[in-house]
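Letters are used for the chains, namely A, B and C, taken in the order the chains are written, and counting of residues starts over at 1 for each.
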Amino acid sequence: MRLLALLVLLGPALALRLATTTSVYDSGLLDRLLEAFLRETGIRVQVLAVGTGQALRLAERKDVDAVLVHAPSLEREALARGITAEPYCLAQNAFLLAGPEADPAQVREAENVLEALRRIAAQKAPFVSRGDRSGTHLKELELWEKAGLKPQGPWYLESGAGMGQTLVLAAEKGAYTLTDLATFLTVGKRRGLKALYAREDPLLLNQYAFHLVPGSPGEGEAQRLRAFLASEEAARIVAGLRVEGTPLFAPLRGRCAFPLRP
Amino acid sequence: MPPAEILEIALRSLAVAGGATLLAALFGVPLGLWLALRGGGGVWGRVLLYSGLALPSVVVGLLFYLLLSRSGPLGFLNLLYTPWAMVLAEATLAFPLIAAFVLSGARGRVEEVRLLVRSLGGKERHVLPTLLAESRRTLAAALAAGFGGAISEVGAATLVGGDIRHHTRVLTTAIVVETRMGELHAALALGAVLLGIALLVTAFLVILERE
Amino acid sequence: MILKAEDLTLAFPGFRLRVPRLALAPGEVLVVLGPSGSGKTTLLRLLAGLLPPEGGRVTGGLRVYLPQTPPLLHRSVLDNAAFGLLLHGVPREEARRRAQARLKEVGLEALAHRPAHHLSAGEAARLALARALAVEPEVLLLDEPTANLDPANALRVEALLRRAAEEGRGVVLATHNLFQARRLGHRLLFLHRGEAVEEGPVAEVFAAPKDPRTQAFLRGELVF
C-alpha cells in the first residue's frame, strides 16, 4: 500500500518544473515551445506562472528545476549566489508606454522615454504601475530613477496585479502604463489603449533568459530543455509568434542584450 | 478555452474539493460530536474551534507551502504542486467549519439522546452513534459548508498547487488567470460553472438528508 | 422484590431527598404522590439509576424509565419502538419483529412506517410505552405519563399499565393526580419536600392518612 502511494506520488515529481513570469506565460510563447519540446523528448514540463521574485525564491528552495524570467538585476544576484546557473538569453521584445487616445501629457511628442515620463509626472497624468516587483515593474522603477523622478501621489496607482489586469485598469482610468509588447497587443489594444511611445530604445529592451536550478531533482531534464531552447527550431518558434502580423519576440540565440555573467 | 479543458478543470475542482471535504469530515464530524457529548467542549474547546474558523486561507496555504517545499520538513513526500497538496490545504480549512457546524447542531440534542439511551438501559457508548444518526440535517449542512469553502478556495490552492495547467489548475485559479489576462468573459463563464457545481452539490446533499 | 431501595438520600437546592426504604413486588403498582417540587422526578431517576444517590443504594432487575415527554428519534414509529432492543444487542430484524408485536398491543401497528414526529401526544405516549415494554423490563418507572393527554388517551395508557402489572412487572408511577392514584395504585408513597412522609396500601392511606401533611394534600390544600 505504501509502495503504491509512493509510486503515485513519484509520478508527478518526475516531471520538469519551470517557474516563469506572468507576461511570458500569458503571451503563449511557452505553450508552443514546450509542445515542441514534448514532441521531441517526451518530457512534460509543468509551468508555474508567478512573479519574478517568487520564481527566484522557488529556485532558491529548489521547488522548481528551472526559471524563465526578465529581470537582469535580480538574475545577476541569483547567479552570484548560486541559486541559478547556466543562463541562456532566449528572446527579447520591447516595453512601450501605452495610454489613452487623448494623450494629455503629449507623450507622443517626447524625444525619449525618460522625457515621456517627465511629462507624465509634470502633468500628474494618471499612471498605473504593476507594483509587484515583477520584471516589468522593476524596469519601470529603473526608468523613473534614470529620469530623476520619484513618482508618488494620487495620480500614481499601483495595481499589484498581472499585466493584463493592469492594462484593463489603465484603460478604465484613462491612464498611462508601461507594458510589454505581447500583452499590449493581446489585451491593451483591444481595450482602446494606444501605443504612445513605442520606439526602438535601448532603455526599453526586455530580455527573457532561461536559468537552470543547480541541485534540483529535475536538473537533468532541465539541461535537455536548455539544449532545446538553444536550438534553431526554438529560435524559429520564438520568431514565429505573431499577433496581427506583428512578431511578439525576437530570438536572441544566446546573445544577451543585458549581460548576465559578471 | 476549449470545452474539453473547461471540463477537465471542472472535474478537478470537484475531485479536489470533494476529497478535501471528505477528509475534513473524517476528523471534523467525530470531533464535533465528541465536543457535543462533553457539553460543548468548554471555553477552550470553543475558542480553538472558532479560531480555526477565522483562519485566513492564504496563511494556511503559506504554511503548507513551507511544510511541503523541497527545502521543507516534508519535502521528501514530493507533494508540493500536486492536487494532493491542495486537498490537504483545503481539508485543513474545511475541518473547523465542519466540526463547528456539527457541534452547534448536535449540542441541542445531546441531553435528550443521552436520557433516552440510559433510560432504556443502554450504555454511554451508545450515545454517540445514536447522536450521529439523529444529526442528519446538521451533517448535510456541515458538508455543504465544508464543500463550499473548499471549492471556492483560491489563495491556498494557488500557493500549494501552483495553478499548473493540466495538472493543478482548478476553476478558481483558472478564473484568476483569465482575469489577469483581461479575458473577463472567459472568467465569467468559468465562474458560472463554479456556481453551477456548488448548487448541484448542495442540492444533492439536501436530497440525501431527506432520505 | 424486584426493586429495593434503602436509606436513599440526595441533597438538592432547597431540600434533601430522604427515602428510608422502598420495596416493590412483582405485579405491584406503587404510586409516588406529591405536590410539584416534592422530588418525585428525582426519586424516579434515582430508582432508575440515572442519578447516583449520595447515600443508600438501589437494587433490582432491569428498569426502564419514561420521562414526562418521551424523546422520539428522527425515524419511523417502528424503528423508535425497536430502539431499546437494538441498545441491548438484539439483531435488527428480530428487534423489528418484536417491536411490531408491541406496537400491535398498544394499537399503533397501522402507523409503523410513519415518521415518529408526526404522532399526536397520545400516540407518542403509547409509542414510548411500546418501546419500553419491548425490552421486557422487570420494572417500569413512569413520570406523570398522562399529564399531557386527553382523557380518552389517558385511559388507554392506564389500561396498558394495568396490563403490564398483570404480566408480573413492577410499576412505579409518579403523579399528582389523586384520582389516577386511586384507580391504578396498589400502594402509595407520599412525598413532601423530598421526605417520604407516609406509605401504605392506597385504600388505607386515602381513608385514614396518618400525617397532617398527607391529610392536607388529600384535602387539596397542599400545593407545594
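One rule holds for everything that comes next: contacts are C-beta pairs under 8 Å (C-beta built on N, C-alpha and C of every residue); 3 or more make two chains touch, one makes a residue touch a chain.
Only a predicted model underlies this, so the values are computations on that prediction, with no experimental measurement involved.
Using the average of C-alpha coordinates as each chain's centre, A ends up farthest from chain C.
Taking the mean of all protein Cα atoms as the centre, the chain whose own Cα mean lies nearest is B. Taking each chain's centre as the average of its CA atoms, chain A and chain B sit 36 Å apart. Separating the CA-averaged centres of chain A and chain C is a span of 82 Å. Each chain gets a centre from the mean of its Cα atoms; for chain B and chain C, those two points are 46 Å apart. Residues 69-72, 77-82, 84, 162-165, 167, 177, 179-184 of chain B touch chain A in their complex.
Chain contact summary for the complex, chain A toward chain B: residues 9-10, 12-13, 15, 17, 22, 26, 46-49, 61-63, 161-165, 167-168, 183, 186-187, 190-191, 216-217.
Of all residues in chain B, only 112-113, 115-123, 126, 130, 133-134, 136 touch chain C in the complex they form. The touching residues of chain C, counted against chain B in their complex, run 48-50, 62-67, 70-71, 73-75, 83-84, 87-88, 131-132, 135, 137.
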